[in-house]
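Both complexes below contain subunit A, partnered by subunit B and then by subunit C.
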Partner chain A sequence: MQEDLMDIICCPLDKHDLELDVEEREDGEIVAGTLTCTECGETYPIEDGIPNLLPPDMREDAPA
Partner chain B sequence: MDRSRADVRETYDRIGTHFSKTRVNPWPEVEAFVADAADADLGLDVGCGNGRHVEILKQRAGRVVGVDASRSLLDAATERVPDGRFLLGDASNLPIATDRVDLALYIATLHHLPSREARIESLDELARVLDPDGEAFVSAWSTTHDNFDAPPDAEMGFDTTVEWTLPGGETVPRFYHIYAPAEFQADVEASQLSLDAFELSNGNCYGTVSPASH
Partner chain C sequence: MTDAEEPADAEATDRPSLAEQRGVDAVYGASEDSHLLAEAAVEGATAGERAIDVGTGSGYVASALAEAGVEVVGTDLNPAACQQARDAGIPVARANLLDPFLADSFDLVTFNPPYLPSTPDTEWGDWMQTALSGGEDGRAAVDPFLADVGRVLEDGGRALLLVSSLTGIEAVQEYATAQGLESSIVAEESFPFERLVVLRCVPR
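Now for the complex of A and B:
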């Protein structure tokens, strides 16, 4: 993920800003990290360079 | 709630690699829309799949973001458009800031959302993220396609399942809502979008839309 996405993306649930926590960077791109909603506190992972901003009930690990 | 949106994501995660190889070329209707559009700062492709239309949008927009619910399709998109910006997201809950997008595509995705409520929500979300002067191109499969024998003047379309056959012969069912042209126009008008132009082409409904408040 390129950091300039931060002024475009928001929390899918309440549309508030996200806070970026970088765990791993490679060639200027964010490979791993966490995005946290500044309002509701929901967290969204950045995995292999792609932020997962699916609502929590659509995530792969969501309970059926 | 609403497991079925997750089901659509799972379907495309399963078939994504093979599906992507069969979706090589951009659609001429989309190329024509983008060619006629004004230059844009930010382009958005909702349901970008393997990124074939992100490439087209890049001809008009400084930055392009592709959103899809399937990780395997986004992996194909990243490979196809290495300098594109991709994220996992749901069309009915777009993770994109309000009023930011100048030029958007929402192609062959609306018909995968399993309820009218979710489909109109997704159109409302498109209206929300568009700049007041922004515009978008929306398509959905229609009853006028040769595959269906519905009367062309039907008021309402129908839900159906279209099988995808994997190389090994295994089939994977995919949900579709096939739109009657009148219903497509009514659903756009019921959302926060205004329908500026409508056409039928190759069995698809196409709408050129902008935020209704414009």
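Now for the complex of A and C:
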């Protein structure tokens, strides 16, 4: 994901801001890292360049 | 999605499975509904606007907007769809509808939702079903979308929602009204088993 996505995303649970923690960057893009809610502390992974902003109970790979 | 052997109503008896017509795969590919929505979205969009394509699938509608100079992001529940849209050059987030997006973020929201009514015994439990099936009334994704979309729209923003006659266009418009949205039909196309419209929804 590009860092400017931070301007429009928030915690899906309480809509508070997220804090970005970059683990790996490639050509300016964030490939791996975590997003942490500044309010509730829930963390959301960034894997293969894609932030997973599903609430924890929907995060399983199988469809609901 | 209605099985031919378990028709939801009499007129459904001869209806070919839409999944068959459209080809079953792990990610819903661009189809008639995608084209109709993409056309309507590009027509009303201005370069430099910020847009989000909810349930972006292959990224077809988002790509059309990007080509028109719109700054578009895509979301999908399906990780394979997210990957496919990302490969198409669309910034993506895996998300449920508009849940992880801040208020007043977008000029344009597009959504080609899963809208086919289904019954519990015709649900087959894979990603293609998630892409097609809208629950018993076809509105399992449409209603929560309409309830939340006003929040993420900037002043002057609008949402374009694809709706099928199989879901009930009037019912969707009534629900939109109840959510404080004014809706109008801006594009439509008829097919043997359904009529597709693009609803333009703006906060009142």
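Everything that follows uses one rule, which is that the second predicted complex is superposed on the first by the 60 of 64 C-alpha atoms of A that agree within 3 Å, B and C clash if a C-alpha of one lies under 4 Å from a C-alpha of the other, contacts with A are read in each partner's own complex, and residues count from 1 in each chain.
By definition in this document, contacts are C-beta pairs under 8 Å (C-beta built on N, C-alpha and C of every residue); 3 or more make two chains touch, one makes a residue touch a chain.
Bear in mind that the values here come from a model prediction, so they are computed numbers and not experimental data.
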item: Room on subunit A for both subunit B and subunit C (clash or fit); value: clash
item: Touched partner set for A:10, first subunit B, second subunit C, both or neither; value: both
item: Partner chain(s) touched by A:57 [first = subunit B, second = subunit C, both, neither]; value: first
item: Those residues of subunit A which subunit B touches in one complex and subunit C touches in the other; value: 1-2, 5, 7-12, 15, 44, 49-55, 58, 64
item: Touching residues on subunit A, where the partner in the complex is subunit B; value: 1-2, 4-5, 7-13, 15, 44, 49-55, 57-58, 60, 62, 64
item: Contact set on subunit B toward subunit A in their complex; value: 1-3, 5-6, 9, 13, 42, 63, 65, 69, 71, 74, 78, 85-90, 93-98, 100
item: Subunit C partner contacts - residues on subunit A that touch it in the complex; value: 1-2, 5, 7-12, 15, 44, 48-55, 58, 61, 63-64
item: Touch list for subunit C against partner subunit A, complex; value: 50, 73, 77-79, 82-83, 86, 91-96, 99-103, 105-106, 125-127, 129-130
